[in-house]
Every structure is written in C-alpha cells, then in structure tokens.
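In the two complexes that follow, chain A is the common piece, with chain B as its partner first and chain C second.
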Partner chain A sequence: MTTRANLSLPSAGRQAGPGLTSGSARERLALGPSSQLGCWWVLAPFLLTACDGPQSALSTGGADAAQLDRLFTVMLVGAVVLWLGINGLFLYATRRGGRPVSRGWAEALIIGGGIGLPVVVLTALLSYGLSIMPDQRAVGEGLRLRVTGEEFWWRVEYWPDGADAPIVAANEIRLPVGQRTEIELASTGVIHSLWLPALGGKTDMIPGRINRMSLHPTQEGLWRGQCAEFCGLSHALMALQAVAMEEGDFRDWLAREAAPAGGAGGAGAAIFAAQGCGACHAVRGTGARGAVGPDLTHLGARGSVAAGILPMTPEAIADWIRDPAAFKPGVRMPAYAHLPEDELTALADWLWSLK
Partner chain B sequence: MRTVLLTIVALMALAVLSGAAVVFGGLYNVSARAGHWPITEWVLHTAYRQSVKLRAPPEHEVPELTDALAALGARHFDRACRQCHAAPGEERTATIERMMPRPPPIEVAVRDWDPRHLGWILREGVKMSGMPGWPSSRQDEMWSVVAFLVRVQGGMDAQTYAALTETPEARGPEGLGYCAGCHGLDGRSGNPHIPRLDLLDAAYLTESITAYDRGLRESGIMSHAASEFMPEQLDRLVAYFGSLPAAAEPQPADPTLAARGRDLAHAATADPEVPACAACHGPEANPASPMGPGPAIAGQYETYLGTQLRLWREGARGGGPQAQLMRAAARDLSDEDIAALAAYYASLLPSADRDG
Partner chain C sequence: MTDQPPSPEHEFAEEQASLWRITLGPLIWALHFIACYAAAAVICAKLDASPPAIEAMRWSIGAGTLAALAGIGWAGRRSWTQWRDGNDDVFDDDDGSNEDRTQFLGHAALLLSIISFLGVIYTALPAFFETSCL
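And now, the complex of A and B:
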C-alpha cells in the first residue's frame, strides 16, 4: 500500500514526461500552436453563432432560460476552476523530478481530492440544480396552453382562464410577457419533446400522459423551437416559432385568433371545400371542421408554413400542397399534384389571406 | 483409375450431346395428339396435386362461402372459365377436348379438393397446364368462384346454373346484357358484393372502367369484363349506367353500428384520428356547399363498402389520380371503424344530385 502510494504519482509523471518530449510529439507541438490556433480562429465565428439567434440557450428571453443560463455559467466556471486545479497538480507532479511525496501527503490527497472534494462539489451542485427544478414548472397564472406533438407538427390549444373550449392553432406558440404560462404537453403517436431554448428547458411529450412545463418570457421577441426527441423520418423538420408579446397585444391577438376566419370566400375557398380539405383541416367560419391535421383558420398570420420549415408565402403554400413529402418525408398529408396549377394558386392565395 | 475417369467424362459428353440433339435437333415430339406416356402423366399429375396441398392457405383464411358470393362467382365462371371447363351438365367443345392436357369438365375438376385448395388453384393457376392464375393481385376475389364451385361439388344441375347466369333481355348499347347480368339493368345488382352503379355518375364510371382496363385498379373479375370490350363500347355502356336515376333506396344496417359510423364520418368522435369521410363523400351539413371529390357512396351495399375500405387500408386499391388521397385517409382505419362506416353509408338515402 505504502509503496504503491509512493510510486503512483511520480511514475505517472515519468510516463507523461517522455511521451510529451518524444520526437513526434515535439514536432506536433512545434507546428501545432500556429496551425491549430489559425484553425480555431476560422471556426470561432461559427461556434459563436450558437451563442446568439432565436434558438440559443445562451441568448435568453425568459426567466426559466435565464435560470438555466445561470446554472450553465456556474457549472462552466466551476469546471474551469477544477480543470485548472487538476492540470496544476499534474504540472506540479511532473516538475518534482520523481521524488516521492510523504505517505501523509499522498493519503490526504487521495482522501481529500478523491472523496472529500467530489462529495462537497457534487452535493452543492445537485442542491443548486434541484432547487431550481420546481421553478421550471411552476404553476402558471391564468392562461394555460396544451401543445400536442403530431407527426410532424404541433397542435396548439389556448385555454384562457375559465374557458370551456380551447382556441385551436398550430405550429406557433404565442405567450404574454411578464407572466407565467403553464403548458401541458401531450402526444398522439410517438414521443416528441418541446424545446424552446431561449425560453426554457425541454420536456418530453409522451403518448398517454400529460407532462407539464411552464414558461415566463421576460421580453418581447421571436424565438424558435425544435422537436428534441427523435420522432420519425421528419424529426429534424419539426420546428416551431414562439412569439412573446406584451400582455395587451397578446390579449388582442388571442381575441383575433379566437374569431372565425375573415375575408371573402372566393375561388380558393370553393376549391378548399371541393377538394375535401376539410376532412383533415378546420377553418373556423367555413364548413371545414377536420381535426386530423393542423387548424388553418389564421394560417396566413403565422410565421411559417409546415411547422417552421417554409416561409409564409402563397408560393410556399402552393409548393407544400402540391407535394408535401418533397419537403417532409413521411408526412401524413397526401400530395395534390393532380390539381391544375391555377387552382393550386387560387387555393394557396386564399389560405395565405387567412390572417 | 484413369480408365474410370475417362469413362465418366465420356458418359457426360454423351449425355450433353444427346440432350443437345433433343433440344436443337427437334427430336422431342411436341404434338398434342401424341400425348404423354402414362408414367409422365402420372408424375406430372402427382406433382401437381402434392404442390397444391403443400401451398394451399390454411382453413381459417377461407371466408364464409355464402349464396351471394356464389352468385358472383357463377357469373365470373360463366364469362372466364366456362369456355374450357364447360358449365355443369354441359359438354366441352370438340376443340377443347383436344387440348393437352385436357381441361377436365368442372364437375371432375373440383372433385376431391377442399375450398382452400380450390382457392389456391384459382389464385395461382397451374403451370404447363393451360390453367391461368387470377388476373389481379387481389387475394380475396377468387373466393367467390370457390363458393360457386363448392355448390358444383354439391351436385348443381344445369337449370340452377342457367338461372344463376341468365343474361337479362336488354335493349341498349352492345354488351348491356353482359354488364347487367351482374349489375342489373337498373344499376342495382341486389347482390351485396356487386356495387350499385345507379349511384355513380358517368365521369366516375369512366375513370373506374379505365382503371380496371389498364390494371390501375385491381380486380380480376372487372379486368376480365373490361377486356372483353373495345373502348368505344365501354364509353356507350358507361353513358348508359351513368344516366340511370339513383333509386331512393337505402340499405338495411345495424343502427348502433351506423351511429358510430356517423360520428366517424363527420369527425365527431372524442378524439378524431380519421379524416372526416363526409368532406369528400357527403352527406353535407349544408346542401348548398360544393361537393367533395369522392364518389357518392350513400346507399351503397354495406358488404361492398367494407371490402373496398379494407383494400384501401391495405394499399391494394387503385383508381384515378386521386386514389392516393383515399389510401392516406383509410390507412389508420380499424376493422371496427370499417364495419361502422360501411353500415353508416349503406343506411343513408342516396343523394339525388349526385347521379349524372
């Protein structure tokens, strides 16, 4: 025991020594810094893009994400301190020139650094981490949302306080700023996960049960979210937009969203009915009451087509209807390539006009 | 050792040479008059019987062989099989008698076989015998002919056969009697396996018969029927059936089943997972709203609707350019859903504005 303790540190040092100073390693070190650093400088802007933008956990727009951001910073600073400490110890061990430390020192290092320090550090981190967990799904105030994961889109229902029927939308979440909104998470077929990195953590959506999370946006803004659990062929194409709005604006918007589709019917509306689109899609205010696919009542007011993957333009809507599987492999919506081009255009124009 | 090897090589060369002489020298007599040696005939027949017994589907795959199914099967037999096997009590023609192998009269052909064996023979055909396979990938249609053949095994007489396959006296386009034999002169077959045509308009009928003719919609029975006529004849027949008035005649159906079907068809169930049938097939909540793209099915026979829905679900049903819409819509139907929807649509009064 004594011998092993005495030998272990110096021998580790001796092995590290020759390895670092061997021919090939020296060459690598000599060449390394300039070429490797150059490489990093090229990569740096790309890496830093992850620190900003609408889908970054480091550029926060909500209380929950800020809390997670703080947790991340604490962890990162702690990890850096530990990393420096460990490497300092390695450096110290290699510079001692192979002289063994005393038995008392070795035991203190093993017990203190191997048992004591991890227990203290991990206990502190766990307590801190667990302490903020309840905040991530704190009870909401008033408005409640239900988001259901479908293949491959999001069904969104707004339940204002005291409502007995939801206001149905899809593929976009709007939340009032300065207020905590509870979100129930459900799924129909397979497991999905809702993740809006700029607003909070991710939570799985599991068929047959309701998971809960809550979000508290602190500033107005447009954020992007993503399905964070592999759910099928088009998992990577299942995104959504989240809009944080001032409370008054939000109330006005919700009232508009609750209203039936406005605007004149016209050719597009007739084609929508004649093609049986209402079998799957609802457009409130028309006869279309289908609930298999996304509600399209205010499609044109959303930021994107097809769950965050196409811009909201009449052309994109027409392209999507013509052949959805070209954009989303495995999508459940059938293609309407048999429609004449002028009918497709009229249909897309009408859908786009549903603001 | 060397001698043995040389002998083997010499024998092999001789075998190859004599084989070549038979194939390339025309030594084998293919004359149908010459027939087979008794031993060849015994080997071929035994191999055929054993092959059928090995490959026939299990007993539980045989559906209930009802009279209605047999009525459909008798008609198809009359058009497609009678030429070689002759009707019960009928003599084969002199030419057919000279076929090699000779097609047995139907009473003899069905002897000693169980329905499952007959089903396999009808679906697969028999190689090198002149017996063709079913002219469609459908796995269910041949049971109708099996239902008929079971009755032949039971000793069906010529009068019964004649009554089953009678061609109605018809004044109309050429071939009307042929079609009306199954579908009825008024477009109503009275047989739950044979769809009502009085509900459908000429455009849909044209699309259907074209799809059958080109093999885009699977049915051995209808492909055979369509292939007996020229396109112009089919056009005239379609015009006839497409102009028939839809009889205001709903079909009997279990009301509980139909009620569940109504909820499904209008997506009024608690958690709709099936596209609302009514959006394409009616009935509309608002009669003024434009019609969907689907054919009229209100008042269609329940059995026929069930069969078609199962084909859609299995992806085995084709049709016009919009067939993929229905395939997507039927993909998630359960057996219970299909039963309920078939009952519901059968129980509805046909809508008057649908017929062409």
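And now, the complex of A and C:
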C-alpha cells in the first residue's frame, strides 16, 4: 500500500515543476528520493532470485562455473572498492577538502591514479583471467558428447570411450560427476549457443563447424540450460535439462539409454506407426527411424517435453501432439488435432511409458 | 635552442621528421600485434597446432616482445629528451613558437610510447599463459 502511495509522488513533483520555489513543492520534491528508494527495496528480492535456482551462474554445481563465479566475485569486490575510492575522493575534493594542492602532489595523483593504478589493476585482472583460461578449455576424459542445435531443440549423442556408433538422445544432457566430459557443439541451419550457467560458460554452435567445450560437474543435481543465441521464433523456448549423476548411476543410465525401447507394442505404438510419426522420429526397437525430430526411444525418462517447455506427463504429451505450435511458434512438427481424443491419449500414454 | 633562426626548409624537414617519430611507438605496437595474431592463427588454424610448433611460437613471441619493448623504450627516451631538454616550463608548450611545437610533439610521442609499451605487453600476455590452441 505504501509503495502504491509513493508511486504517485513523482507525478505530484512534476505538477509542482514550474513553481519550484514554493515551499510546498519543495517539500514534496524532497520526498522524491526516499519514495524512489522505497520502490527499489520492493524490487530487491526479485533481483535476488537470480542468485539461486537451477539456472544461476551464482549457484554452481561444476568446476568451470565455480571458477567463473570466483572471477565475478573478484571483479565485483574490486569494482566496489574502486567505486567507493573514486567517489570518496570526489566527495572529499568537492565537499570537504577544497584546498589547492601543490603541483607535485597533483602530478603524482594524475600519474599514479591515472596511469599507475589502472595499469596494475588491469594487468592483475588480465593475468588472472588468462591464467584460468587453460582450465576453462581443458580437454575431457573418457566420455564424449556431441550436441547439435536444431530449430528448436537439442540433438544429443553420447560417445563412450572406444564406441563406434553414438547413443542417440535429445533435449537432455546427462553427465558423470567428478569427471570432465568433452562436448562437441554442432548446428544445422542457424547459430545456437549452449549455456548451462550452473555448470560452465556458454559456447556458440555454428553451422559448418564443430566448436567444443568441456564440463566438470562436482555435485549431483538437476540444472537448466538455455539456448543463448537468437535462433528463430521459439529461441526463448529452447531450453534443456542437465543431470549430473554419480559415475556408477551414470553408467547404468547410459546402458539403459543405449537399449531399445521397452514395451514396444500396444495401441499407442500402432497409432504412432499409422500416423507416420516415424518419418521424423526414431523409436529404437520399432520401425521408426526418422531423424528430423528428437529421438523418442526413452522419452518418458526425460525431465521435460519439447526442450524444457512442458512437464513430462501424458497430458502434456497429448497437448503437444495436438498442436505443437501452440507451445512453440515456428515449430517443425505438424499438428495432429484431427486425431480423436482416445487415440491421442493412447499415443501419449505409450510415449510416456517409454522409460 | 638554436642561435640563428633556421631556414624554413630545414625547419620543415625537422618537424616532418618529428611528426614521423611520433608514430614510431604505435607503429611498433601495430606490427607486434599483427605478427602475434598472424602467427597464432596460422599455427592453430592452418598448420597442425603441434606442441613443438606452439612452443616455438611462444618463444618467438617472447623474443619479438622484448625487441618491440626495446624499440618503444628507445622511441620513448628520444621523445622525453625532445620534450624536456632545455624546456623551462614543460607544461606550457602552447604559445606557438617553433620550439614549443617541437616540445609538444615530443610530449605527445612520449605518451604514445607509454601506451604502446603497455599494449605490447598485453598483446603478448596470452602467449605467456596459454600452452595450447584450445
């Protein structure tokens, strides 16, 4: 309530504008700054929400992100100290001191503060930044991933050590904890960028070339990533989940992921085949081998539907199939609104059961 | 500085040389920059980025950097002399005499040498820290 009352004050101040000298206007203007402060305090908690959660560079779960977090803290503390120092000096010179200083002092201040100090600070910061670059670019060990940016989803391929064919998945990345995994980044068509703030920095995915990054999760957890390079209508709806797992759990999961779909029969499977979904989607273990859209072999084991946009429930899957463009403008999957509800339900139930 | 007023031609030649000298520091910086970036680009993108080649490049950049710093240091020293020698009020080179003009150019060249010196160091720092093309 008080905020709302305060919010109306600036306009009161503006109305009083022409008569600035009148006592009442001055009083009202004097209220201005404190009322603005009031608004900012209300906003502060919203800003703080960025400090936590599955997609925050300030709440880290990986070695690379922790290093960047430290870099940020160092820069922030340094910036605050410099800001206070400069403004303190400024205040001192304009409000307090005001005495002229000798030429020698003035020159020392200009050369020391204008050249010496910035050189020392910049050299230290540059050296610090350069010294952590080899870590940020370190080579992975063992497992290799290939993530390809598509419109508007992620093709994910796992290449275990010595494998000659990949294990194909989509829209979710799983990584072993305590190990550095090499990630190759590719793209078809337009530029995307893979960014998992809690695990590391972002890297662009550029058509026609393979970029690389490597991630080293240090604790188990669920993290969220986001495409960080505008790639079309549903760019903002191109997210993904990253799961960091203990090494043993990861190996078990990867073995399951490599296996063909279980329970490949039933009404849902028949509708899937009859509707021709297999022209775009692969479900290993059935005849569906399409590679235009995401691999659906273990769809139900993922944390979300359609690249981080919908919850993993049979209802959400049915909603998606009925009208994908309702959730993602520009999507490259046709709508199946003509399917009767019971067929949609059977189809969705079957897809959801593919764990 | 001189007892006799110099001939206009001589004076012009002198100032022209001084104008050229002012670019010496930034010129060395630019050449050093191009050489470092070209070497890294060729070895990392066109050749095979082999560890021995990278090692050789890093040492070459180190040597080239020392040479560039020496050159800029020399240019800086010269401009210091040009600015300071026989200059009784170094911060008041603005009354338009030939002497003041020369001294001002010396001052400007000195400042450019300083920034070039720093630029060369910052250009070379990555070669000091990075040991691979990744």
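One rule holds in what follows: the second predicted complex is superposed on the first by the 315 of 355 C-alpha atoms of A that agree within 3 Å, B and C clash if a C-alpha of one lies under 4 Å from a C-alpha of the other, contacts with A are read in each partner's own complex, and residues count from 1 in each chain.
In the analysis below, contacts are C-beta pairs under 8 Å (C-beta built on N, C-alpha and C of every residue); 3 or more make two chains touch, one makes a residue touch a chain.
On a predicted model such as this, the values are computed, not experimentally measured, just so you know.
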After the match on chain A, would you call chain B and chain C a fit or a clash?
-> fit
Is A:221 touching the first partner chain B, the second partner chain C, both, or neither of them?
-> neither
Looking at the overlay, what does A:54 touch: chain B (first), chain C (second), both, or neither?
-> neither
See if chain A has more residues touched by chain B or by chain C, and give me that chain.
-> B
Partner chain(s) touched by A:332 [first = chain B, second = chain C, both, neither] | first
Given the touch rule stated above, what does A:232 touch, chain B (first), chain C (second), both, or neither?
-> neither
Could you look at A:287 and tell me whether it touches chain B, chain C, both or neither (first, second, both, neither)?
-> first
Contacts of A:126 with chain B and chain C, given as first, second, both or neither | second
Is A:139 touching the first partner chain B, the second partner chain C, both, or neither of them?
-> second
Can you give the closest approach of chain B to chain C, taken over C-alpha atoms and in whole Å, for the superposition?
-> 25
Okay, in this complex, where on chain A does chain C touch?
-> 115, 119, 122-123, 126-127, 130-131, 133-134, 137-139, 212
Chain A to chain B touching residues, read off their complex | 188, 270, 273-280, 287-292, 332-336, 338
Footprint of chain A on chain C - complex, ascending = 114, 118, 121-122, 125-126, 128-132, 134
Any idea which chain B residues touch chain A in the complex?
-> 266-267, 272-280, 284-286, 289-294, 321-322, 324-325, 327-329
